[in-house]
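All remarks here apply to the structure that follows.
Labels run A, B, C, D, E and F following the written order; every chain starts at residue 1.
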C-alpha cells in the first residue's frame, strides 16, 4: 500500500513484549498509532500518542476508543493470575474495550487470545477453531469470555474480531514445547497485519504459530486472513534439544496444548501457575 | 431408589420460578436441600434449610457450598440486564460458587445455562453441544463464561458439571417460539435429576427442551445423562396458533434460536432486551 | 388452528396420485385451494378452483401463482423420461413456477423432490440432507436442478422452500424396497402440512419416509419442520416378504437408495427406466 | 414370513449363554439350525443338528460351513483370556469360519463382536460405528481383527457381515454399568434376526444395546438393519441402584465404555481381567 | 510425456478468453485439438480443427464429440444472463455435450464449472467440494445442473468428470476480491491438464484458484488431480490495494464467495448481474 | 542433537529393503542399533549388534526387546502371503514384540503398517487416519490387527506407537501408481526419525508418502510428528509415463489405494496377490 490503510489504530498493552513489536511493525498501516498501557510507554515516535490507564477504568477505555478505526487489543494480564486480577484486567477490561469500540463506531478489533483458551486439548487432537473451548487456567477462561463477547459484538453489533490464539511469542524458542508452539515476533506482526487488512474477518479465531515442523493444531478456518508465516523453529531445534532433555509424553505439560500451566493448581492455592 | 442419593444438595436461585419447582422435584434425592437466594424463600419444609445472600458475596457463596454433595446452580440474573448486574450475579457469582465447590470438595454441579449461549445459531443449523458458542446477549456471554469455567473445573480439578442450556421453561407455551422451545416444569426437574444421578457427567452440555414436534437442535451429545422428556407442545399447538399470528421467518426473532433477544439492542442503550 | 392458515394455496400436479391426496389433506389449511394440472381435475369441491395448463407454459405458470400465499409444487413428470419431457416439465416447468412465485410475492414453496436426487448413495451410507447429490436418472438430475434453484430463490429472493425428497408414496408397500422406502399417503400429507406451517423453513431438504423399521437415511437436518410420521411398514412386512423373494444385496436395485432405476440405462436407449 | 427364510443356518457358540437364546429365537428363520460348539449341545430339537469341534480346527470349521446359507458366529472365548486362548479361539477360529464360509459360498455372516473393540472410548464421546477402534483387552483386539477380516471378505469376496458390538447380554442388568449397557436376550435375538434378514448389510457394525435411558453410543450407522429394541432397563433401575452404590465417575470402570476390563492389567500378569 | 497422451481432444468455448489459453496450453497433450465455438476461431494451427455451432444444436454437439478421447467443456454463457440464454447454452448445451460424449464413448470430461455454483457461501465458511451448493445466479444454477448431470454420467455410464469451479481467471487480478479469487491463465491451463491426465478422476469437484495468500475455500477433496498452482496474487497486492479502496466486510459482494453477483437482482428485472 | 537421543534402539526386519536404509539413517539417533531379522544381517558396523530369529519365536522376541529404549518394528512378511505365514510373522510376531516391549519397559514403538490396511478406500475418498480400516488382503488385515494392538498398548499400558502406513518405498517410482504412492528412502528414514523423536506420539497413525503432486490421502492427523517430506515424484513423471501406459480409472488396481492387490484373489486360491 502506498499510503496507510488506517487513520488511527489503538494498541492496548503497548508497553508489553508484543506491544513493543507491534508499535514497530504496524507503523506503516496507520497515520497514527494510539498506544495504551498502564505502564509507561517509552520513546514515543512522531506517529505515536500514548494514553496511560488501567483497563478496569471504563471511562478511560471508552476515551481511548474514540476516534480510532481499529483496535489491536493486546492488553490485560498475560498469564495466569489470581481471580481479582483476571477479572479486572481481562474480563472487565475486555468488556470496556469492546463496549468503547461499539460506542465509537470502531469496525474491527484484533484480540490477543491465547492457546490457553484450548489448553486442555491434546496435541494429537489437532483441533481447529471450531472445537469446543477447554481452558487450562482462569487466564484461559478469560480468553474464552472475550472470544464469546467478540462473537456477540459481531453477530449483534457488526464489529469484526480476529481472535488470535497466540501460542508462545518470544525472541527465540526456549524449550522443547516452544519447538512447536513458537510464534516469532515477525510472524506475530504479520498475523496482526493480516487480521487488520483481510477483506472480511467477521468473527475469526486463528492460531498464532510460526511454520514449525511439529504442528498440533489445524488453522484452516483462518485461511481467509491471508497470514503466511515466514519463520519456523527448524533452525533452533538442535540447540534446544541439546540444552533441554525430552519430557515425558504422558505428562500434562507435554500432552496438552497448554503445556505446564495444565499441571499447575489454582492460582490462589499457591504461588504457581505462571504462563 | 429406596433412600436419598445425597446427604445435602445446594440449590441456588431457590426462590425463582424454576427453583421452586426444583425444591419440590428434587426432595426425594437428598436428605437435606440447602436453599439459597437473595430473595426470601417461603414455606420451608422440614428437609429444607435456607441461606439468604447475594452471589456477589464470595464468602457467603463459599459458606453455602460447605458440606454439600452436589450443587444445582440456578441462581443469577435470569435474563438480559446491564453489564454491572450480569457481571456481579452471573460472572462473579458463578465463579464464587465454582470456587466454593472446589474448596468444599463438591463433586458435581448442575448449572442452569441457557439457549442464549448459542442464540445466534439458526433453527435449521441443528447445532449440537460441540458447536461454537454464539451468545445473543451479555446474559448469553455470561453463560458462555460459566460453561468455560465449568470445563476448567472438570479438566483441572475433577468437578463434574452438567450445563443445561434451558430454552423456555414456563407453565405452558405462550407463543409460537415456545412451541419448539418449551421445557415443561416436569421435564426440567427430570433433566436436573438425570444430571445429578447419571453415572458419569464429566463436562456435559445438554439442551433443555421437552419432546416438541419442531426440533431445532441435536441433543445427542447429552444422551449419557439419561434424560427422557415426558412432555411436549403438541396439545398446546392449536390454542397458541389461534392466539398468536405467525412470525416472519426472516425476522431475527424467528430465525435464531435465541428469539427476540437477538433483535434487541444493547441493554444500556435503551430499556429493552428482556428474555 | 381454528381458521385456515392461508387464503389461497396453489397445488401443481393436483390431478396426480399425490395431488389427489393433498387436495383432501390440505383443505383445512386454506380458504381456497387452486389446483393446477395439465390433466383434468375431477370433482372440484367448493373450496377448490382449477387451472389446466402445461408447466412448459410460462405465462400460465405465472398466472397460476398470482394471488397465492404458498405453492405446493408437485407437478412435472413423476418418473424417468426422455430428455425433452424432463426438460419441459421438470426443468422449465419448475423455473416457471419459481419465477412466477417471485413475481407474485409468494413466500413459501413446498416442492416434491425425490429420492432420485440422491439415488446412487447406498443404504449403509446413511446420508443426510447435506450430502452431495448423486442423481440416478435424468429425472433425478431435474430434481437436483430445482433444489438448486430453490436455494437461489431463498438466498437471493427470500422465498422459502421445503424440498421433500419423497421415496415411495403408494397406498401400500408393494415390494421389499418399499418396506424401507414407503411414505404413506397420510404421512405425505402430514409432511407437506408441516412444511407449510413450520415457523421457519429457509431452504430445507427433507426425506419423505414413514417410520419404517429399516432406515437408510438420516433426516435430522429437517427436524425443524415438525414432521412426525404416524405410519410404518411393520404391519405389511410378512405379507410383502411372503409375496416377493429377497433381492441380491449386491444388485444396484438393492444397494442404492434409488432402487431399480439405478440399474436402468439411458431413457433414450430403450424403453426402460421407469420409476 | 410364512416359511423359513433360510434352508440352513450355522450357529457357532451354540452351547453358550447367547447361543442358547439364539437356538430358540432363530428357529422360525431356517428349516435347519446347524449348531456348533466345543461343549456339548443339549436337548436337540428336530430342526437342529449339532457339530462338536474346536474353532482352532480348520477342517472342522470348513466342514461346518458347507451347505449353509448364513452363519451366526457367536463362538470363541467370551471374555479376556491369555493370548494363546484368544489366538486360537478368536483369531484363528474366526479366520477359519470366514474362510470356510467363502469356500462354501455363504453370503452373509452375523458376528458377535463386542463393546470391548471400542472399550477405551468414554461414554460422553458418543462414538458411532465409524469411530476408530480402541480395544480394552486382548479379547477386544481379537474383535477388531475379525471386524477387519469381515471388511476384507465383503470388499473382496462379497460376503456380507453384520458385526454386532454386544454390550452386556444377561437375563437382567446386574450392576450400575448394566443400566446403560444391557442387551436383553429378547433384543439380542431381534438384533441377530434383523441382521440376518435386512435387505442389505454389506459390512455393518452395530451396537447391541436395549433401549436404555442412558445412551453412550450412537447407533445411527446401523439403522438399515431394522433393529428396533423392545426392552430397556428403566424397570430395573430402582432395584439395581438400591443394591449397588454409585461408582466414581473418574474411575476407568465408570468412564470407559468397556467398564472394569479397562482397569484390569494384562491377562498374563495376574488372574484378573475377566469380562 | 514424450508423445501426446490423447489422439483428439475437443475444446468447447475455444474462442473464448480461457479457450484461447487452453488451445496453447493443451497442445502438447493431443495430436489434434478439435475446437468448437459459435464464434469464429482465429488463426488455426496445424494441430487444430474448428467446428462452429451453437451448443443448443444437439446434432452438432453429438458430431463434435464423435471420435474424441476427451472433452474440455468450457463453452456456454460465461456470466449471468436471462433464463432463455442460460437454458440454451448452459443447460441444454451441457446435456448435448454429455450425451454426445456418452454416445461417442468418450471417457473423460473436464468441465468449466464456477464459483457461482457455491457463491452464497461466506469466505469464513471455508467450504470444501462436499458442501451443499448455494448458487448465486441462474448462471450458478446451471453450473449446479451440469455438476449433477456429470455425477449421473459417472455413476451410471462410467464417464469421468472433473468439474472445475473456476473463480476469476483474468490476465491479472483487477480488484480486491480478485486478490483471493484469481486463477492465473497459467494455473488454469495447469489445472485442466492435471484433470485430463490424473490417474483417476471419477466425479471430482475442484476449486480453481491460484496460490493466493487469502484462501476462502478448502480444496483437499481434489488433491488427487495433482494440480499444484504456480502463481499467486502476492506480487499484485500493493498495486491493487492502491487503486481500489477496501470494501465493506458486511456487503454481500465482499462477504460471499460469489462477489457482487450475490448483490445483483434477477437478470430479467434490470440490466445487471454481470459476473 | 549433539549426542544420540537413545542408548539402544531395536530394528526388526533389519535385513530387509527398508531395514537396510534405516540402519544407515537412524545411526545418529542411538549409541547402539540392535538389528533383528531371520535373514543374515550383513556388514555390521561398530554401533550395531545383530540377533537372528523368527518373529514367531516368542522368547527370542522378548529377549530382543530387553534393554532397548525404542523399537522400530519393520519385521514380518512384507506382502500378501498364505494365512499361515501372515499369522506367524505379522500377527503372532507383532504380539511378541509388543508384549516383549511391555515387559522390558520400552516406551515407544514405530511400526511399519501399510496402505494395505486401508487399501479398499478410493483415491477420491481422501481418507484420514481416523477413517475405518478397509484392508485389501490378509496382509492388510494383519496390519489392522497390529494397529489395534498398538492402540491397546497405549491406552492400557502407556506404550506409545506411531503406525506408519507406508505406501510404496522403493529406490524410484516404477509405475503410474507409484507416481502418487512413492515414499523415497530418504523420506522413509525421515518419517521414522520424526516418529522416534516427536515430543508426543500416543497412538498415531501416519501415512507414509513423499511430497508427490497427486495426493489421495489426508495426513493432517499426524502433523504432530513433525515429518516434512523432502522428495517427490515430479522429476520422475515424464519417464514413468513414457514407459507405462495409463490404466483404466475404473479398474480396482487404479481406483483403490491398495492398487493391484485389490484385484487379486485369495492367496490360497492361486499364486497371485503379491504386493
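Convention: contacts are C-beta pairs under 8 Å (C-beta built on N, C-alpha and C of every residue); 3 or more make two chains touch, one makes a residue touch a chain.
Computed from a prediction, not measured in an experiment: that's the story for all the values here.
A.B. asks: Over half of the residue-numbered contact pairs in common: that is the test. Which of E-F, B-D or C-E passes it against A-B?
C.D. replies: Copy of the A-B interface among the listed pairs: C-E.
A.B. asks: With contacts counted as defined, which of the two, C-E or C-D, has more C-beta pairs across the interface?
C.D. replies: C-E
A.B. asks: Mind checking the centre-to-centre distance between chain A and chain F? Centres are C-alpha means, answer in whole Å.
C.D. replies: Each chain reduced to its C-alpha mean, chain A and chain F end up 41 Å apart.
A.B. asks: Return the distance between the CA-based centres of chain A and chain D, expressed in whole Å.
C.D. replies: Centre-to-centre distance between chain A and chain D: 51 Å.
A.B. asks: From the C-alpha centre of chain D to that of chain F, how far is it in Å?
C.D. replies: About 32 Å separates the centre of chain D from that of chain F.
A.B. asks: Provide the list of chain B residues touching at least two other chains, using ranges where the numbers run on.
C.D. replies: Answer for chain B, listing residues that touch two or more other chains: there are none.
A.B. asks: Okay, in this complex, where on chain C does chain E touch?
C.D. replies: Listed in rising order, the residues of chain C that touch chain E are 83, 87, 91-92, 95, 99, 102, 117, 120, 129-138, 140-141, 144-145, 148-149, 151-152, 155-157, 262, 266.
A.B. asks: Report the residues of chain C in contact with chain D in the complex, numbered from low to high.
C.D. replies: Per the stated touch rule, the residues are 122-124, 126, 176-177, 179-180, 213-216, 218, 238, 241-242, 246-247, 249-250, 254-255.
A.B. asks: Could you please specify the touching residues of chain E with respect to chain F in the complex?
C.D. replies: That would be residues 1-3, 5, 107-108, 158, 160, 194, 198-202, 204, 220-221, 223-228 of chain E.
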